[in-house]
Amino acid sequence: MDLNSDVGESFGAWTIGQDEALIPLVSSVNIACGFHAGDPLVMERTIALARSAGAGVGAHPGYPDLAGFGRRDLEMALPELEAAVLYQVAALAGMARAGGVELRHVKPHGALYHRAGRDPAVAEAIARAVRRVSAELILVGMAGSATLEAGRAAGLPVAAEAFVDRPYQADGTLRPRRLPGGVMEDPAAAAAQALRIAREGRVQAWEGGILEVRADTLCIHGDTPGAVEFARAVRAALEAAGISVEPMAPAPW
Amino acid sequence: MDLNSDVGESFGAWTIGQDEALIPLVSSVNIACGFHAGDPLVMERTIALARSAGAGVGAHPGYPDLAGFGRRDLEMALPELEAAVLYQVAALAGMARAGGVELRHVKPHGALYHRAGRDPAVAEAIARAVRRVSAELILVGMAGSATLEAGRAAGLPVAAEAFVDRPYQADGTLRPRRLPGGVMEDPAAAAAQALRIAREGRVQAWEGGILEVRADTLCIHGDTPGAVEFARAVRAALEAAGISVEPMAPAPW
Amino acid sequence: MDLNSDVGESFGAWTIGQDEALIPLVSSVNIACGFHAGDPLVMERTIALARSAGAGVGAHPGYPDLAGFGRRDLEMALPELEAAVLYQVAALAGMARAGGVELRHVKPHGALYHRAGRDPAVAEAIARAVRRVSAELILVGMAGSATLEAGRAAGLPVAAEAFVDRPYQADGTLRPRRLPGGVMEDPAAAAAQALRIAREGRVQAWEGGILEVRADTLCIHGDTPGAVEFARAVRAALEAAGISVEPMAPAPW
Amino acid sequence: MDLNSDVGESFGAWTIGQDEALIPLVSSVNIACGFHAGDPLVMERTIALARSAGAGVGAHPGYPDLAGFGRRDLEMALPELEAAVLYQVAALAGMARAGGVELRHVKPHGALYHRAGRDPAVAEAIARAVRRVSAELILVGMAGSATLEAGRAAGLPVAAEAFVDRPYQADGTLRPRRLPGGVMEDPAAAAAQALRIAREGRVQAWEGGILEVRADTLCIHGDTPGAVEFARAVRAALEAAGISVEPMAPAPW
């Protein structure tokens, strides 16, 4: 099982996340590409950290919206969006290669991730952009999302993502952050959810009942205060159960 | 002899230059990479135009300064500058490859071009960035500049650039645009200067006297009103003299 | 009757519009505030042009999206949007005063204009921001829009806007630009539409039939090639009919 | 004696400084205006904090360089620079008024502060911009700098600034941050330096010897980890010595 985290989200004088502590605990990282966060120097340093830690390097393209951190939906025309994703993935792929490591996967960021998950035209534009860089890049999206479908249709390997630090609701969506319990506070709870997804492909839904969640990679949110503790607990739980934590591989679907 | 021009400098709703008319007349193009001008969609379209016309594709990285069009010097720390050039070249190289053509050269833009020409530390940072993308990329700089020296020291092929639509002064610099005669108005004068550089490696200096100017590539400024007429006149003069116009090749130094 | 036009939309090295020719022909101008277009120097010069011409000066705030020219909808949280509009209006108001003229009106730009027209919460956020600068600023919106309603509710004077260079459809919306006939090509047709709106409060709908369109101000799009000819024709037609062209005044509703 | 601090330097999702704790401890704040840091919502909230705490509100305009946090010199043409400062001061002045408080002073930020201190043409451009907003705004600059001279020449009240958390060198400059001892670590040392400046107009130079430093306002750097402790220690020392801490007033020169 793969553990992934969004990293490289600092910008200029501003720091977010605890990349130095977090990156050694996960097996894949999604590196911001300068449009919603990150800058060339941050990207270079984050690639070097990932390489040292042996984490799989991925691109984390987002909307061109620094002020909104890529979390606000933006009505980009599809050719613009495709070009914007192509640009970001190409920049990170080239910087990774210059840093001695090959890009392995692409995971859209924030509002673009969610939009792609539900809007096939957006998902297809992203998949086209990724495919134009390389047919070997793994496209990461939420299990069951339009993103994965578009990736497969474009001939890309895909990886289904599940979340371990946020509760699922009965309809398969994550409980919103703003609601009580929307973000887990106990690393042990995240570890338990991770373990159940990894072993059974299931989670307990917030309202009760069991939900099927197949996952190739588990996301630890890097911008929460306890991210490092969560990653440590999840990794320990998986390893204690004999599940090795290693970079995502293409789904065998 | 190569004719090069800066292109792809439109941005969003704003258009500069006459790329569709100009690109077929030159043999190499320097494409803006989104920091001082250009955006992903403009880059994609410009690469396609260059590919159709058979022009050699180059990256034209600049300072991160859209508001100043990369024409204002910016005191970037060298690691920041190196990362910024690496990012831009990587982005354009990847987009070019996705567009079916390989990146051949890199020419810094505007204030960065001039700074690199006289500041060895800046020139070396640029050369390192280019070298990290590929040892086969040609680094373009003014004849006699620190840029070319840094490129050679980094093991890169280099190309010396001369200008045909601006008069040279006796000290080897270009006559400033703001002075009378600083920008040529007669395409025939540019054609004559181009021909003399190509055949003799010399130009007539503004103050009188003859100046040695060895060049591997001749620049036509793309953002002047008469750029297309200048390019047409220069190309015709070179071809009439039996000098074929073709993409720059590494200097045999 | 007032004629208004969007101006000051150049940015750095990039020029859009023909402000020097257009501004003397209209009676009010909406000046971009640096978020979707415009920069401080462009704003300063545009204010000076408007002052010389005696045109009423308005702020034209937009989404923070230079790359998209403010034409793409952006899901800003309401407090962010209110602050962004307040910032832009305050900047232009202060620069206008420094330039010897008082700000008279505010007209949202592009995607924000259209969003405010149909989304009361967005319209109210804009109205609050304008009201916080001054209760005497006129808020401009499409006739019948949520913008005007929000402005009135906030205690602001409002001005209803109609368009003269675009055909109306039977449902009261403008015929989309991308459809045949979506942008008028004949200045005389625009002049006729302007005259009918000014005299009768009516237009001929694209599909046939008559539509009621009450207007306090008529918009001439400044970024179309023939903007100057359209403005000249519309102004001449109004004046020939004895309708004086002068800056908008608060609607007497 | 006034204590001032740079605040409102967060941007979007990124936080810098401890504004909520620091603002109540100082008597004047310099609020970033969105060019090098800050955004409209951050500005609005920072104005509200300052108002609650009774701190004097100032504008802190910088170069348009978010990626560099305004700390890199940028070769702006003087009309561009003047317009950029005018824009920022106008925006903050208008937002302050909308927030129930009047702008009192202007202090340039970072590289612009240092450039203005030594370059009379830059200082004059800034002073002109400030003067165009209001002749009552206090222009803040380093004691003995070109900034103060330009402010006086423009008819503005000025305030000389000294630093309490950085050692002075014998030539009157601050010991560079990158050198050992360049940033004080002991709040008591800062308090002692503050007290000596306030009472005697003198500091102990790093190399030994005594330096004259007249100051109307003392700066506490807000972006250092111990800023809150430093502010508390300095304020306590001043008050214990019977020196009241209150917003800067025009220098009686």
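Per-chain residue numbering starts at 1, and chain names A, B, C and D are given in the order in which the chains are listed.
The criterion applied here is as follows: contacts are C-beta pairs under 8 Å (C-beta built on N, C-alpha and C of every residue); 3 or more make two chains touch, one makes a residue touch a chain.
In this text, all values refer to a predicted model and were calculated from it rather than measured experimentally.
S.K.: Could you compare the number of C-beta pairs in contact for C-D with that for B-D and name the larger?
M.R.: C-D
S.K.: How many Å are there between the centre of subunit C and the centre of subunit D, using C-alpha atoms for each centre?
M.R.: That gives a centre separation of 39 Å.
S.K.: Can you compute the centre-to-centre distance for subunit B and subunit D, using the mean CA position of each chain? Integer Å is fine.
M.R.: So the centre of subunit B lies 42 Å away from the centre of subunit D.
S.K.: When you check subunit A against every other chain, which residues touch at least two of them?
M.R.: 39, 67-68, 80, in rising order.
S.K.: Touch graph of the chains shown: is it line, ring, star, complete or other?
M.R.: Basically all the chains touch each other, so complete.
S.K.: Can you list the residues on subunit B that touch subunit A in the complex?
M.R.: Checking each residue of subunit B against subunit A gives 34, 39-41, 43-44, 79-80, 83-84, 86-95, 97-98, 132-133.
S.K.: Using the touch definition up top, name the residues of subunit C that touch subunit B in the complex.
M.R.: Against subunit B, the touching part of subunit C is residues 10-16, 37, 39, 66-69, 71, 223.
S.K.: Given the complex with subunit C, which residues does subunit A contribute to the contact?
M.R.: Touching subunit C: residues 64-65, 67-68, 72-77, 80, 111 of subunit A.
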